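The same chain A turns up in both complexes below, where it pairs with chain B and then with chain C.
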Partner chain A sequence: MAFTNEQMERYSRHIILKEIGVKGQKKLLASKVLIIGAGGLGAPAALYLAAAGVGTIGIADADAVDLSNLQRQIIHSTADLGKPKVLSAQESMEAINPDVQVNTYQEFITSSNIMDLIRDYDFILDGTDNFPAKFLINDACVMAGKPFSHAGIIRFKGQLMTVIPGEGPCYRCVFKNPPPKDAVPTCRQAGVIGAMAGVIGCLQALEAIKYITGTGELLVGSLLTFDALTMEFHKIRLPKKDPDCAVCGEHPTITKLIDYEQAACDWKPGEKV
Partner chain B sequence: MAEEIKVDDTVDITDVVCPVTFVKAKVALEELEDGQVLSIRMNDGEPVQNVPRSIKDEGHQILKLLDNQDGTYNLIVRKAGEE
Partner chain C sequence: MKITVSGETKDVADGITVTELMEQEKVETPEYVSVSVNEEFISRGDFSSTKLKEGDTVEFLYFMGGGSAA
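Right, the complex of A and B next:
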């Protein structure tokens, strides 16, 4: 594939970087990333991945754009209210970069559709806001051998880690099981700072770009936490892959995907996750 | 007469401006095999000041800079392998 003059200009700041270069940009253009959730994390991540020239971006989200989303979900605008989030996200990404092929999945991820969704993608980005989805994404990616970025945000705090199945601990090695469904507030109840969601979503996009181009060190075996109130980042070394992990251990007990029950106040009619 | 250098490919970067000048040269070098020679036609001024230096920083070998006497130069570069 030869670059057009326009592409050389569009991606010039990448190509100039020795660590990315011509080869790295070609890898990005040939890559496929699936973003699950077009919310506070997925919105900035999708914009940066589209701008970076990730050739195929899948976006999965069942919701429509709601006024309360716009404080942080910067891929959607006021004119998009009521529109399916995946369509609004697709329009924004295509407007930024016509090189990008956007695939939309207007559905909730469940144990019955997630394997089909992730199959064609090189890297998955978890931009969901609830534990059942996070464990489902982890287990599916481990079973399918797909690398992914986990992230979570609440109030002024965020965290992320990258999982490459077989190379380091998975999300379940570290967090074992979803907390009791009434024990955890979600950002709907607890609040969240939009710019902080942006910080974490951008870090997820960075991990995807580094994975695709083979640049630098990934957050495999580490959890990066960020506190926006104190402006402190902490990189916590995680224990090695747990041999007793229920999904990636030596004798996995989870061999079938689980749809955990979502906390009651987050339940919406027709929502399965 | 200087010794003849066999040029394997040429690229004209007089139609673009910084930083795409260097990018276009870098993309052209990418297409070559290690040890092959590229002739890069560039404008006087900023390109001739910066592009040779950037290419040298990438580890390639600058063989010659020829003044075309028309406000352009031809930079002759031998491609180096990756470190």
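Right, the complex of A and C next:
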């Protein structure tokens, strides 16, 4: 596949990087990334991955655009209110870069659909807001051997880690089981500064691009945390993969995906908090 | 004695336990925080019996949601 003149120009700032080059850009165009959640984290990640020329981007989200989303979910506009988030996200991505094939999945992820969703993708980006979804994504990706980026944000803090099954610890190695409903504050209850979603979502996009192009060191075996109040990043070196981990350990006890129950994070008018 | 907590050097009482350190550091919802000492996970049940030593590196790992319902 040869680049058109337009592509040479569009991706020139990537191509000039010795770590990316023509070869890396071709890898990006041939790659497939699935973003689960077209919200705070998924929005900036989707925009940058589309701009970067990731050839196929899947986006999964069951919700419609709500006024309270627009403080941070920059892939959607005021004119998109009420529109399914996946469609609004698709329009924004296609407007940035017509090279990108966008696949939309307007559904909640569950134990019964997630394996089919992730199957065709090279890298998964967890942009969900709730722990049942985060554990489901972890377990499914571990079982399917798919690399993924986990992230979370709350108030003025954010964190992310990258999981490559078999190479380092998984999310469950670190966090074991989802906390009980309402035990840990969600961003709906506690709030989140909008730009935090941008910082962490962009870091997730960087991890996807680095994975695809084989550039640099990934956050495998590390959890990167960011505190906007002190402007401090802290890279926590995680323990090795836990041999007793229920899903990636030596004798996994989780062999079937689990649908945990828990309230989600996005606030909707009229909904009980 | 000096230990490193979340990347910062702290002066703490000799033989402080993980539970005591969490109280001192005002860790929110400590029952849902994972802890590593020198890159080894400490089981939740061992927080109160695990005494820290000079030079130990302690990390608190917090649950964080955020993003979008999907």
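The rule we apply is simple: the second predicted complex is superposed on the first by the 262 of 273 C-alpha atoms of A that agree within 3 Å, B and C clash if a C-alpha of one lies under 4 Å from a C-alpha of the other, contacts with A are read in each partner's own complex, and residues count from 1 in each chain.
What we mean here is this: a contact is a pair of C-beta atoms (placed from the backbone, for glycine too) under 8 Å apart; a residue touches a chain by one contact, two chains touch by 3 or more.
Keep in mind it's a predicted model, so treat the numbers as computed, not measured.
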Touched partner set for A:3, first chain B, second chain C, both or neither: first
Which of chain B and chain C A:12 touches, first, second, both or neither: first
Per-residue touch tally on chain A - higher for chain B or for chain C: C
Touching partner for A:23 - first (chain B), second (chain C), both, neither: first
Touching partner for A:159 - first (chain B), second (chain C), both, neither: second
Touching partner for A:197 - first (chain B), second (chain C), both, neither: second
First, second, both or neither for A:229, with chain B first and chain C second: neither
First, second, both or neither for A:237, with chain B first and chain C second: second
Doubly contacted residues of chain A, that is, touched by chain B and again by chain C: none
Residues on chain C engaged by chain A in the complex (per definition of touch): 6-7, 29, 31-32, 34, 36, 39-41, 59, 61-70
Touching residues (chain side chain B, partner chain A) in the complex: 15-16, 19-20, 22-24, 26-27, 30-31, 58
Chain A residues within the chain C interface of the complex: 36-42, 60-63, 69, 73, 85, 108-109, 126-131, 133-134, 151-154, 157-159, 173-176, 179, 183-184, 186-187, 192, 196-197, 200, 223, 232, 234, 236-240, 242, 264-266
Chain A - residues contacting chain B, complex: 2-3, 5, 8-9, 11-13, 15-16, 18, 21-23
